[in-house]
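When the chains are written out, they are named A, B, C and D in that same order, and each has its own residue count from 1.
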Amino acid sequence: MPETDTTFGDYGGQYVPEALMPAIEELTDAYERYVLANEDGFMDEFRERIHDFGGRPTPLQRADNLSERYDRDIYLKREDLLHGGAHKLNNALGQVLLAKYMGKERIIAETGAGQHGTATAMAAAHLDMPCEIYMGRRDVNRQRPNVFRMRINGAEVNPVDIGRGTLKEAISETMRDWATTVENTHYVIGSIVGPAPFPAMVRDFHRIISEETRRQTREQYGRLPDSVVACAGGGSNTMGIFADFTSDSPFSTAPDSNTDADEDVSLFAVEAGGSSLDVDEERGVAPNSASLSTGSEGVLHGARTKLLQNTDGQIMESHSVSSGLDYAGVGPELAKLVDDDRVTPVNVDDDAALEAFHRFSQEEGIIPALETAHAFAFLETDADLGEFVVVNVSGRGDKDLEAALEETAKRDLPNAPTMEVFDE
Amino acid sequence: MPETDTTFGDYGGQYVPEALMPAIEELTDAYERYVLANEDGFMDEFRERIHDFGGRPTPLQRADNLSERYDRDIYLKREDLLHGGAHKLNNALGQVLLAKYMGKERIIAETGAGQHGTATAMAAAHLDMPCEIYMGRRDVNRQRPNVFRMRINGAEVNPVDIGRGTLKEAISETMRDWATTVENTHYVIGSIVGPAPFPAMVRDFHRIISEETRRQTREQYGRLPDSVVACAGGGSNTMGIFADFTSDSPFSTAPDSNTDADEDVSLFAVEAGGSSLDVDEERGVAPNSASLSTGSEGVLHGARTKLLQNTDGQIMESHSVSSGLDYAGVGPELAKLVDDDRVTPVNVDDDAALEAFHRFSQEEGIIPALETAHAFAFLETDADLGEFVVVNVSGRGDKDLEAALEETAKRDLPNAPTMEVFDE
Amino acid sequence: MSNPAIDAAFADEPAFIPYLAAGDPSYEASLEYVEALARGGADIIELGLPFSEPIAEGSTIQNAIVRSLQGGMTVGRYFEFVTDLDVDVPVVCMTYYNLIYQYGDESGPEPFVRKAKSVGIDGFVVPDLPAEEADPLREACDRHGLDLVFIVAPTTDDERLDRLVSLSSGYLYIQARLGVTGARDDVSNETTSSLDRLADYDIPKAVGFGIKTGEHARDIIAGGADGIIVGSALVDIIAEGTETDSPTEEPAAELESLCQELKAGALEGAQ
Amino acid sequence: MSNPAIDAAFADEPAFIPYLAAGDPSYEASLEYVEALARGGADIIELGLPFSEPIAEGSTIQNAIVRSLQGGMTVGRYFEFVTDLDVDVPVVCMTYYNLIYQYGDESGPEPFVRKAKSVGIDGFVVPDLPAEEADPLREACDRHGLDLVFIVAPTTDDERLDRLVSLSSGYLYIQARLGVTGARDDVSNETTSSLDRLADYDIPKAVGFGIKTGEHARDIIAGGADGIIVGSALVDIIAEGTETDSPTEEPAAELESLCQELKAGALEGAQ
């Protein structure tokens, strides 16, 4: 039986209340049997459903206009076309299906911007499981359309009134629910964070992105890319597309990697630089979410990882123009890969992300999520990305229209569209 | 050289100002060469782009929960997963690409709910063509998110202040622009309506839906379906999925149709019954958009077809809870197929559509466009649909969240979700 | 075979052909306005029968159509209007094909043409009816001795031109520029080149789209046209009247005097 | 090897173990409140060091933590607080692992434990530190003679129980019900079954999560527990004080009297 990666070097682990440990052991067992060993054909059913219900494989598309701009071949991995509008469904569907195999009767999840919540609500409706989503009160009010979507898909939405009312509080609150209902409930965590086996399991559900990318780059371009660029909040879309390019992937030693060494594929994780990389220790605020670039080792939400904290170890409020990147921690596996110099952490600030949001929309006819826009902003870099670059389009921007325009209006961006059509 | 279908029995034709006729002749020529005869590999390029950029093929998915409810195998053709969120891109991308092959330098289009406008804006950005969209003033204000999307993709949006400020006026206004700029401009019409060659050409760009459906039903179910159900406004998603099941399709005589006669596949076009099928001749208002079911022959927007008109021949204001079905005419080919008894026109009212909107969202985890919800509402029928039914999921409902909830709040639907999460 | 009244209008001097939408803004006022055109020197009157989707019209005439429809204009009322009209010049009905097609119990244009004939209409201009779709209406017009006037656009090529000339009776409507109806400040160059192309055809050519002043009229006739068609510039006067709530006589007088100016310009151009 | 002060607390009679968050709502007031616990009969005090993400706490204690952090509580101030505290009972520090892990220059829990020892802390409860991750802290505690108390949950199976008992020193914290901290109106059935399972283990068992009244205390001790842990019911008194702006003495007096009730209940249960 294959075994779970519970740690990634010094990172990872299982820092959770004892009450949850039996559930975590049960989940670990289910993950090893169903996901790793495909017991009862679990992975076959997952693949069939993510294909038929989710719309996989997603295309790998050459971005003609960006390729011309950067004088490289820029290809887009189109996770924005997945059902729900982001990569999130890979994981949500995988976990809800696993919960079903485990005989659980109820699904809970946290959500920030609402993308993971909507993906989970969709997966739960599809698989006929009752579902409750925790969401900070502030996010409930900021992300109305996603709240509508969850409710319309039949999920309960529980506003969290504690603290600042954002993702961090929602995660803590979902853990509290789980600690109470653990016997019949599965907690569908939304990124490659949390206690083991979550980071490995979530990665494995998203790994299909990288599996397809390897195949598609070979078919369409004849070889693996020179670099792969993905935004990183918790890091699930990131590890999803990186997974099979890292050395402990089953594929990096597979026959198909003989022709070109996987280590030659540069991996860039683009974090939210927010308004600045400086922190305000006094107020406990980091005006960014760049935990890989600027964070330090610590324990948050069940795992040891890199995070934004003050010298005492209190978690800081993070910030980003994109709520999906706005998180003080990051997946432990990414932290390890950064320490190993396998993944290069970079970051771009709010302004650059907004400019890239408009540039990409205008040049390619695809409105990206604000999270994804960070990956595109990084293409303006001087770094040598090689001649063949794949960018993970982690999600579409429909959820961000109001926010993007509001933030745009505050700034003096060279490429901002006007909205005077509404004026009369 | 293959020739254009300019008429469908008595329907169709080219009722446009002389100034446009040369452009229509030029377009007819281009359609015959590029689309029908694949000159310069046009159709190959179209197929490659609608695959890589658009996300085709879209899945054919079994709807487990609906299948159980109706005790039939209900399969979903997932056009909602196409880039932009509806089938509309098939046509928009095809026409913008054709305009490019024709050496045109500018794209114009009309839009009602904004779906065709956003699809056109996306296709134009992708192919680097300047683009202007006409949209009734009332629709501009009702459909803000789609206006944002068009502007963000770099298109101009021209509000039309004439009349009621909806789709009918926008089409007329786009024709006026075209009459002025016809030498360098292509008009991307949004459904299988308008003067020849538009109805045939738009059908041919959407035909890929039915081509995939034939292949997928055989692969996944071993045979063609007993019935195919699609909503019909202008009728482009409808003809898109019906095309290869009708007798003048190249496929209905192709070898693969030997095993099961295409005529055994029942085709249902579901129109918007609105609030009632009765008309108010006095005020010139039909509180529905059921032109196939209740309309009469006449000439509108360049073609002879079935339409909602008073005894004088003045066009009536139509109505539907879904703006994409809210049109007084319908594609001439559909009108012909209805007269031939090949397509059965049916309709469902606003209430039934809203109830189906919630039912489908809750049971299958897919929020449909309100247009599409009409097709699902029809599944409640007593009509014999056979044991294997394919429903065309023409689009996703993200654009409709506010409208659907507003309309839901006015009614007493058995399955409406509450929104008290916002109350505190 | 064409209508003698219309032939006569082009016989001696250039024809001045004003357009108004019947019933704009009301049945009664419109009767007076149309009669004012005749007093102002109209040789033919193009009388619009309003259609709800006037795709060939610019905003001026669209608004006239909305006013007329809101004032209760219907196809039946239109025929009464023509009957009630006290003018001594031929009337050409300008409308869209669906209204012609729907009229009466039989299908096709025959009943409409028959009725038009009976109320004294002399011909038709149908902007959304290109040569390709015109046969049924052409035949009905022939049966009843009415003219069917086709529009020649700047984009019309020589092949189409031949066909349009052979289908048209009464006169050819030369569209002065691309686009929709509406008054402009200059005369398009395209007009001259259209007229040149048409010089050899033996049918009267009336130029329309954008003519506004006596000077325009003069230049166009001087350029070889046999007539001028003026719509939006006249409709503007009615629109202004509705906005300022003027009594009917005021716009009527203005209409008459603008007609006089246009007619005079045309005559000058012919010298 | 366990801390003698804590052993002593369980020696003769059932141990009453109240919890408060240090610094709630202010440093000064909190000192008085904690001292009131001692006056009320506390045998051990669980003194919370507030962490920004208290995932095991219900809303009552979460709010206490927010108040304390907003009042300026830091790890450094916490150690001062313990130094300033004038009580005669052992103090157990209840906090989350990241604060322990981050303290000092060396990596790992050693510096925190050393410092805790130096200010007079006798042991730790760390709700987000399961047996799996506990080795480094367990070792540091052993080096300094401090207790590390583990929590046994209703979901803990026998295999895990063995392991927790072998790792725990001082006492075992028996979680009375699933869920998070918070005062309840009844005593859970799960408590009894947990105590039954534990009967054969030779380590003091203190029950917590939801105890609110003397009656609860009595029932739990009668059911076989060696101690009771009470948090939210006490924190409620402070929360009310902050809402009604009471002077510190009032909540302090109430705390003292609720402690007396609880302690009395416990003693009664032991008879």
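The rule is short, and it goes like this: a residue touches a chain if its C-beta (ideal position, glycine included) is under 8 Å from a C-beta of that chain, and two chains touch if they have at least 3 such contacts.
These are the chains along with the protein names UniProt gives them: A, B = Tryptophan synthase beta chain; C, D = Tryptophan synthase alpha chain.
Treat the numbers as computed from the prediction; the structure is a model and nothing was measured.
**Student:** Minimal path length between subunit A and subunit C through chains that touch?
**Tutor:** 2
**Student:** Touching subunit A and subunit B alike: which chains?
**Tutor:** Per touch definition, common to subunit A and subunit B: zero chains.
**Student:** Find the geometric centre of each of subunit A and subunit D from their Cα atoms only, then give the gap between the two centres in Å, rounded to an integer.
**Tutor:** Using C-alpha averages as centres, the distance is 37 Å.
**Student:** How many angstrom lie between the CA centroids of subunit C and subunit D, rounded to a whole number?
**Tutor:** Spacing between the chain centres: roughly 96 Å.
**Student:** Where the centres are mean C-alpha positions, what is the separation of subunit B from subunit D, in Å?
**Tutor:** Comparing mean C-alpha positions, subunit D is 66 Å from subunit B.
**Student:** Draw the chains as dots and join the ones that touch; what shape do you get: line, ring, star, complete or other?
**Tutor:** Topology of touching chains reads as a line.
**Student:** Mind giving me all the chain pairs that touch?
**Tutor:** Those chain pairs which touch are A-B, A-D, B-C.
**Student:** Which of the residues in subunit A come into contact with subunit B in the complex?
**Tutor:** 51-53, 55, 58-62, 64-65, 78, 80-83, 85, 121-128, 137, 140-141, 144-145, 147-149, 151-154, 157-159, 161, 357-358, 361-367, 397-398, 401-402, 404-405, 417-419, 421-422, 424
**Student:** Which of the residues in subunit B come into contact with subunit C in the complex?
**Tutor:** 13-23, 162-163, 168, 172, 175-176, 179-183, 284, 297-302, 309, 311-315
**Student:** Within their complex, state which residues of subunit D touch subunit A.
**Tutor:** Contacts found on subunit D: 51-59, 62-63, 66, 69, 74-76, 96-99, 101-103, 107, 127-133, 150-157, 160, 164, 175, 178-180.
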